[in-house]
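In what follows, a single structure is set out as structure tokens and then discussed.
Which chain is which? They are A, B and C, in the order written, and residues in each are numbered from 1.
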Amino acid sequence: MQLNPPLSLHQVAGMIGASFDGEPGFPISGINEIHMVNEGDLTFVDHPKYYEKALKSKASAIIINKEMDRPDGKALIFSDDPFRDFVSLIKKFRPFEPATGMISSTAIIGKGTIIQPGVFIGNHVVIGRNCIIHPNVTIYDHTIIGDHVIIHSGAVIGSDGLYFKRRSSHYDKLESGGRALIEDYVEIGACCTIDRGSTGDTTIGQGTKFDNHIHIGHDTIIGKNCLFAAQVGVAGCVIVEDDVILWGQVGVQKDLTIGKGAVVFGQSGISKSLEGGKTYFGSPAQEAREAMKQMALIRKLPELFEKL
Amino acid sequence: MQLNPPLSLHQVAGMIGASFDGEPGFPISGINEIHMVNEGDLTFVDHPKYYEKALKSKASAIIINKEMDRPDGKALIFSDDPFRDFVSLIKKFRPFEPATGMISSTAIIGKGTIIQPGVFIGNHVVIGRNCIIHPNVTIYDHTIIGDHVIIHSGAVIGSDGLYFKRRSSHYDKLESGGRALIEDYVEIGACCTIDRGSTGDTTIGQGTKFDNHIHIGHDTIIGKNCLFAAQVGVAGCVIVEDDVILWGQVGVQKDLTIGKGAVVFGQSGISKSLEGGKTYFGSPAQEAREAMKQMALIRKLPELFEKL
Amino acid sequence: MQLNPPLSLHQVAGMIGASFDGEPGFPISGINEIHMVNEGDLTFVDHPKYYEKALKSKASAIIINKEMDRPDGKALIFSDDPFRDFVSLIKKFRPFEPATGMISSTAIIGKGTIIQPGVFIGNHVVIGRNCIIHPNVTIYDHTIIGDHVIIHSGAVIGSDGLYFKRRSSHYDKLESGGRALIEDYVEIGACCTIDRGSTGDTTIGQGTKFDNHIHIGHDTIIGKNCLFAAQVGVAGCVIVEDDVILWGQVGVQKDLTIGKGAVVFGQSGISKSLEGGKTYFGSPAQEAREAMKQMALIRKLPELFEKL
């Protein structure tokens, strides 16, 4: 999430009533969750396990719940509850704006694009040229869609990610302030859901084709010319490189990478990063050849046990 | 399903043209399917396998297809087709009422609640305060939603359960007469479906958070502060206690209980009740440690078979 | 896809600017993809691997990218890119017609059918008598629905199939020109998606009942009185015979047949045709008894490995 123009450290700390360590005029040009952080960004950390990671990240400013030595070139903002204060900043910069109609007057829709009936297009949405948005699609605020994109009915683009902080008696929500980006020539099947980024962008790369009922989590990046069959689910913060094929009902856990050109057979479960150019199967997924060999032997277990 | 005011045995039997055994004025205060039955309720039984269960249940009155001894304090209604007659009573007390617009004039919507465009709100729906109902959500008749609830686009709350009786040449439908109850602070992801109870209530407990594409069957009760990842499917008549975490694509069979605080890893299949406080994996699910150990050994099968 | 009236070989070849071998007046009465082809149809073949199959198919005319001997009774149309030319014919005969409102004026809706608010009904759709179409359902152009059908909210009927040709730098889409046919007494759950045929029909047989979130691929034929639980996914070109039961989250690969009366337990993965009248489990699916026995032995692997 970019701040345009940037704010000063002093201004941001003031918004959450917090003290800070750094030049008051130190510029903050973005707000990003730790997985997506870039130079100029403000992030937050509230668990000792991640202090080091945050302090060594690209973040220029960090909301933290402990007085610590400030690293060179960074600023610190002190808070007894960094999560709460980070959320309050997201809400300030990306407030929820209730709709006033099915298609927001702030949306920009390119030439040659057909919007079928029953489509909701939120505030600040941009849709390119020559797209077809089929009936009853929902496009949340701030979504960006390229040219020649087809979105089938019932699909939901830019909904909130599943990102909660467990408190003692309940969950607190990290409000989603990010976006969904759908690049040119993408086709998205009926009833697919693409969550927007927490603070960054969820991206579906150019030419990628989705069957129906696919779920893509927040901040996940899908490469170009991928092909996903129906009911695939990809968690948040995943990187799927170009030309990957996932067959039906594959599940992908968060925070991992699937290499270029990988092919994953149906119903496989991916729990760690996969090298590109290979074929996988199983839950958890292995190289298909290995998985097949093991499955053949499982069928021989009755015979084996009888023998022994 | 409560009858308010209660009807007499005589009246109810009259509605389906049936004879009965019991005081004509015996009061019937509810109609419930056998899984959900309470004192005062009328239920039905049409298979000898379940006669005993029905006669020993809390039901006060039973539609039955055999002349039997009437248990003390209960009434019997005799029918050659209890299923058909039970359905006809449900239809009488909860008739389908076609909508006259996107938001029924009989719906009650609390202060501070935002209803986005394209939302359907059926008859007799109650929605509390400070909720956000995102675009293109559907809320069927009789649904009850608490305060501070968020429902994302494409979600369907209160649709009919999958409950059919197999006849020789077709299926007959048990008309759904129950409700969906969504408690305070629940968040429901995009394209989730929560079926209403057959005659009772399907309940999502306070503070529970659902990712996208989740299915909850009829009469299932989800506890407080549960967290379900995308594409989880829970069948009907399940009890999930508080603080349960189900990761992506987990499937849960009907008529079982998942204990408080259980955690189930992605793609697991739950076919029998699980004790709380433990971690599970696999299809069918076992304790994760056991499942992991077995999976590690499966990978050694080629070596083992070669050796032997 | 039928052509009514038929066209001549000369006319069709002229539309794509191609030369041909055959009587100029040779009649072409339909256009169909190779899996669905019938006598009188034009099909295409662009890969040497399938030349023989196409030449021996029921097709009366074939667009082909090689000069070959013409089989008796057939016509050949020569093209350097049969896929491109076939797509251009589909687009000519089934052009996308943008909607002018939520219910097309060309749709025919039977007596006693209730259309709830927010339902989209495309061009040339036919819906029979005494149906209930719940809110926010989408029915694409050319869909045919019988009598006494119930479709729950969020369902999408007749969306495009997943059928792409991989080019060197992108995928090209086979435009869907087929239909979805929903026979009498079918019930379709919330958020189900039924893709239309590529050029033929996707069919849901009489009396079949679907739970929520089910996906049916293009050109698949589901028999009569089948029962599918939630989140089942069936790929394209599958034949499911009558009285089949698929429990939750079952996945079915393309181009196979499931025999009459088969029962498949939850989360199974079907990768080859299954004989009817039997019960199956596992991914890949086996007869349930075998699968259960193997699973029991897997649980004994730790003991076995310790012993050896």
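We take it that a contact is a pair of C-beta atoms (placed from the backbone, for glycine too) under 8 Å apart; a residue touches a chain by one contact, two chains touch by 3 or more.
Only a predicted model underlies this, so the values are computations on that prediction, with no experimental measurement involved.
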**OP:** Could you tell me which chains are in contact with chain B and with chain C alike?
**Re:** A
Subject >> Copies chain A and chain B touch via same or different residues, half shared test >> reply: different
Original post:
Distance-wise, how many Å sit between the C-alpha centres of chain A and chain B, to the nearest whole number?
Top reply: 32
Subject >> Overlap residues in chain C, where contacts from two or more other chains coincide >> reply: 118, 136, 154, 191, 213, 231, 249, 267, 283, 298
Original post:
What part of chain C is in contact with chain B in the complex they form?
Top reply: 114, 116-118, 132, 134-136, 150, 152-154, 185, 187, 189-191, 207, 209, 211-213, 225, 227, 229-231, 248-249, 266-267, 283, 295, 298-299, 301-302, 305, 308
Original post:
Any idea which chain C residues touch chain A in the complex?
Top reply: 96, 98-99, 101-102, 118, 120, 122, 136, 138, 140, 154-156, 159-160, 162, 164, 169-171, 173, 191, 193, 195, 213, 215, 217, 231, 233, 235, 249, 251, 253, 267, 269, 271, 283-284, 286, 290, 293-294, 297-298, 300, 304, 307
